[in-house]
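Note that chain A is present in both complexes that follow, paired respectively with chain B and with chain C.
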Partner chain A sequence: MATQQTQTLGRMLLAPAVVLLLIWMIVPLAMTIYFSLLSYNLLNPGMERFVGLENFEYFLTDPAFLASLRNTLVLVGSVLLITIVLGTLVALLLDQAIIGRSIVRLMVIAPFFVMPTVSALVWKNLLMHPVSGLFAWIMTSLGMQPIDWFAEYPLFSIILIVAWQWLPFAALILLTALQSLDEEQKEAALMDGAGAFSTFFYITLPHLARPITVVILIETIFLLTVFAEIFVTTGGGPGLQTTNIAFLIYSQALIQYDVGSASAGGLVAVVIANILAFFLVRIVGRNLEA
Partner chain B sequence: MARKISTTHTVVTTAAAWLVGFLIFFPILWMILASFKTELEAFTTPPSFLFFHWTLENYATVQERSDYLHHALNSLIIAGGSTLIALLIAVPAAWSMAFAPTKRTKDLLLWMLSTKMLPPVGVLVPIYLIFRDFGLLDSRFGLILVLCLGNLPIVVWMLFTYFKEIPKDILEAARMDGATIGKELIHVLTPMAVPGIASTLLLNFILAWNEAFWTLNLSTSEAAPLTVFIASYSSPEGLFWAKLSAASTLAIAPILILGWFSQRQLVRGLTFGAVK
Partner chain C sequence: MKTMIGTLLGASFLAVGLASTPAVAQQTTLTIATVNNGDMIRMQALSSDFTTKNPDINVKWVTLEENVLRQRVTTDIATKGGQFDVLTIGTYEVPIWAKQNWLVPLDKLSAGYDAKDILPKIADAVSVKGTLYAAPFYGESSMVMYRTDLFQKAGLTMPESPTWDFVIDAAKKLTDKSAGVYGICLRGKAGWGENMAFLTAMANSYGARWFDEKWQPQFNGPEWKATLTDYVNLMKEAGPPGASSNGFNENLALFNAGKCAMWIDATVAASFVTNPKDSKVADKVGFALAPNKGLGKNANWLWAWNLAIPAGSKKIEAASKFIEWATSKGYTDLVASKEGWANVPPGTRTSLYQNEAYIKAAPFAKLTLASIDSADPNHPTVKPVPYVGVQYAAIPEFQGIGTQVGQQFSAALSGASTIDAALAAAQAASEREMKRAGYIK
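The block that comes next holds the complex of A and B.
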């Protein structure tokens, strides 16, 4: 039973976290809203003036916006799809009786701990380099033309790198969930003559539904803001082919110094993230009850 | 009755699993190998897998030319500092939500998580300008502040998940026995909370060590952690593959080892206990 005393104590203990998060949320957001209504370029200080919604009009009608929105959605969607499908397969494989499972587990989880700037550079220079990358050598050895990955398939290359980083996370979560699956249920199904496929679709997959939603939630939070991988490999190019919303706003703010338009873009990013969050947080909220 | 597993089945799945594990790990392995090659060997085709002239030269050069240790120290201070401060703020908060929950606790938790949905890029401009005006650009303190606040929701959530699982009966029993709040905290709760706090510390240190958006945008040299140091190799004049590999290996080694130790906690921590 919580007494009056503990209630008061509880509030006091909670206050710093709540106040700090409120400030962290409200102050920059309020400033972003304010800047988004100004014509404000860091190269022309003192020339700020109120322009109403012009920045939004400019940002939203800019072809770069539609391209970057598309890239953002393609990136998040593809990485989610790849990591969940392959992650499930890897998890199913590691759930079998295998020799040296713990070592395989260490190899599988490793990419998750590699910092994004490192993985981007290693993939770009050591693996995907069109002349002396390992992929080029493999393709030449097989008698094929090496691919200039970042020139020919820029967005796909980024997706590959990001998926490699997040596959371990999905695989590990799903493996953990699989190991908590009741073995007897599976055996009963097998004895009743269910094949491997129907066991998977009727028993294993429903059991994985919840961990999959959690993976989607966590990955979406991080994937919407993928930045370093683009920053060190393509710089958003060629053209706008790998510019996502995060990178577009960065380039408007810190390359073109256009604070007004970048702020408008920032707010658009906030709105998009919140539309997704609306659904995602509900899923997690439901999981909390159980 | 345990299912009988045939030897062939074990051999096939073992081979497949090792192949998959090897493929996923390969880019890291390849990077580590390249770090021991000479610049020429790292670049030539056909690539040499094991039979090359092994050298430690790159590791020496990385430190000499660009002061790896300076950036490693920055990473340590920024990741460590932000994690510690976040814990200091989050432990009491998570504590009170787990042990003195009110009707609003769940909403509060969801609100905290939703601040994590605020994309950093949405507030990049004001943070950049505030930092510029307060002289916090390229300062460790500034980065500690931003990373601490950015990770705070996750820290609170992780701790809440761990604390919630401490059985309340034990508390009640202690209270019945006449323990004061102070005694209760020190002798009953703390020992049970320490493993959860340690896991949270570990996971957030890893997240903060690898965080790249804020570090790339708010630091240049003085406060630049390893993420930024490695990114500097992406410039055309930085194209030294063996040295890049050596620097990268040094940058990920400590965190990879920490991560390997904490992979079990990772599942519980980052999924807020929804998966066990």
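The block that comes next holds the complex of A and C.
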């Protein structure tokens, strides 16, 4: 039991660390808020002036904003869906006793360790390239017209690349969970005459509910900020088809050098992420507590 | 024991430090930011010539891809970061940055440098009120490069100054998709310096312009519509697949692999496509002026990569010494002696085009000069415009607007958007930006 005195002393000793952390957090945020209220273009120095909420109005009424919001949600949603469905299947497969299991596991996990820019380059130039890519070669060998992936299905191509990167993560977490599943339960189900499907839906899937929520939470955080894959492959285009919020802010800041609008965009992105987090935690968090 | 080793180490460091101090005090290290284009990589390799002549100067290179370099250099100079002593910048930046007093005027160049020898069009593009603010490293316009063997096979003759009608017609005739040969390769990758450089030059020849005299964007006019329609249809019928992600380098690779019958792009490419080391078709390339529509303007642009000193540099003297070295006639001779005349940086000096050895080694020299001469940044379009610049408008806001418009046009090319929708979106976006920037009241 700490006395009043030691408690005060403890707080005082903690204070420097807490203050430092607060500064660490607050200074960048405060600067972003400050810049978001200025008309500040890097190319017109000395012209900065206070404009209130004009940057926000400008950012939110930009036709690119709605398109990029939609793209962001489609991207996050589709990648989540693909990684969880396929991840569960892969995890189920890897859970079987097969020859060379450890090597297979290693291969499955490998994409997660490839840097986003590198994997985007590999997909763009070696796989999806309409003239010299592997997919084009397969299609021409089969007598079909090769698909120009990034022109015809740009967002789908990005989703494919990002899902490929995140599938191992989902599979890994789900596999760990599967291995903690009680063998006796499965045996009991088997003895009761349950088939593979009912065992999966009534025993395995409920057991996986919690790891799936963890995967959804963690992936959402990272998928909201997907940038390298878009930057390397499509540059946000054609048109605005693959511009997500992160890329839109980048283009405001470093193509148009509009610090004010980019700051406002950054704050809007924070708000959007928080709204998403609020709902996710409510839906998902309940699951975690149970 | 530990203390002793420590003392010894400390003493030896001190000794080394003392010994080298006098040398260090006189050494100046220049940080040079440049583009990863072939000619600049060569300059980097040859810079030992400069450091041997100037033993008191060291050079440190920051070599980046064009877009990344532009971002790094712009943010550095705008925030007065002072990272670089010599910058590689384009003709677009020079007048804008000079007006902001971000660049050191190059008015103290030595007499031997012979600034009057710089091609007038290029000198004009990098000067403000008659004072040089950057020294051109290489200059370029655009022209048609074509395969003489394919033209002969198809029974076509390329005129020296072709019209768009001829080019479009020939491209369709030369396309043989089953053999992997496409009639024409053009830029499609979005960006103000990528597809918009080509499309703006093409639009100029169609009588279009970016803005009218009151800075009102003109994408709702018939000229831009005709330009974009012809471009998209031509690329659909006679262009390579994946054209909406092709920039200069992608098209260069396609042309060198023998997949394009024609390619309209920078004159600098001429020395690459005729170099047997890189190009499968080196001995079958012909050149012609960029096409026209009979309105008095060819679809050619004007560009130069230049070296300049940022106002924040503390090593102005050494930096200007380096710039003189890299853009002098002496450097040209150095490259010629080591790599042959065809590889010298083109398009900056009159004397180069009077040099017999160069004319003989570079079959494209005459057309390069003619192309540069026919581009006029002060009167780029058929109708009058309030801006300077052929394939861009030299205002700070142009990068942002140009990139947005470029995105819309690449969407039209890929078929993701219709031509009308792309033009309407381009008009809306540029009007919005121009209003925000205060050009339109």
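Just so we're on the same page, the second predicted complex is superposed on the first by the 257 of 290 C-alpha atoms of A that agree within 3 Å, B and C clash if a C-alpha of one lies under 4 Å from a C-alpha of the other, contacts with A are read in each partner's own complex, and residues count from 1 in each chain.
The criterion applied here is as follows: a contact is a pair of C-beta atoms (placed from the backbone, for glycine too) under 8 Å apart; a residue touches a chain by one contact, two chains touch by 3 or more.
Everything numeric here is computed off the predicted structure, so don't read it as measured data.
**Q** Have a look at where A:Gly236 lands relative to chain B and chain C in the superposition and call it first, second, both or neither.
**A** Only chain C is touched by A:Gly236; chain B is not.
**Q** Applying the document's definition of touch, where does A:Leu43 land relative to chain B and chain C: first, second, both, or neither?
**A** second
**Q** Which partner does A:Ala273 contact after superposing on A: first (chain B), second (chain C), both, neither?
**A** In the superposed model, A:Ala273 contacts chain B only, not chain C.
**Q** Go through the superposed model and pick first if A:Leu60 touches only chain B, second if only chain C, both, or neither.
**A** So A:Leu60 meets neither chain B nor chain C here.
**Q** Once chain A of both complexes is superposed, is A:Pro130 in touch with chain B (first), chain C (second), both, or neither?
**A** After superposition on chain A, A:Pro130 lies in contact with chain C alone.
**Q** Touching A:Met139 in the superposition: chain B (first), chain C (second), both, neither?
**A** neither
**Q** Which partner chains sit in contact with A:Val51 here, chain B, chain C, both or neither? Use first/second/both/neither.
**A** neither
**Q** Does chain B (first) or chain C (second) touch A:Leu254, or do both, or does neither?
**A** both
**Q** If you stack the two complexes on chain A, which partner ends up touching A:Ala151: first (chain B), second (chain C), both, or neither?
**A** Once the two structures are laid over each other on A, A:Ala151 reaches chain C alone.
**Q** Find the residues of chain A that appear in the contact set with chain B and again in the contact set with chain C.
**A** On chain A, the residues that contact chain B in one structure and chain C in the other are 131, 254.
**Q** Using the touch rule from the top, collect the residues of chain C that touch chain A in their complex.
**A** Chain C residues touching chain A: 71, 74-75, 78-79, 96, 100, 189-191, 240-245, 254, 259, 396-397, 399-400, 403-404, 407-408, 410-411, 413-417, 422, 425, 428-429, 432, 436.
**Q** Quick one: which bits of chain A touch chain B in the complex? Just the residue numbers, please.
**A** These residues of chain A touch chain B: 2, 6-7, 9-14, 16-18, 20-21, 24-25, 27-29, 31-32, 35, 90, 93-94, 96-101, 103-127, 131-132, 134, 136-137, 140-141, 164, 167-169, 172-173, 176-177, 180, 187, 190, 210-211, 214-215, 218, 221, 224-225, 227-228, 231-233, 245-246, 249-250, 253-254, 259, 262-263, 266-267, 269-270, 273-274, 276-277, 280-281, 284-285, 287-288.
**Q** Could you please specify the touching residues of chain B with respect to chain A in the complex?
**A** Those in contact with chain A are residues 1, 3, 5, 9-10, 13-14, 16-18, 20-22, 24-25, 27-28, 30-31, 34, 42-47, 89-90, 92-93, 95-97, 99-102, 106, 108-110, 112-130, 149, 152-153, 156, 206, 209-210, 212-213, 216-217, 226-228, 230-231, 233-234, 239, 241, 244-245, 248, 251-252, 255-256, 258-260, 263, 266-267, 270-272, 274-276.
**Q** How about chain A: which of its residues touch chain C in the complex?
**A** On the chain A side, the touching residues are 41-45, 58, 62-64, 129-131, 146, 148, 150-152, 154, 234-241, 251, 254-258.
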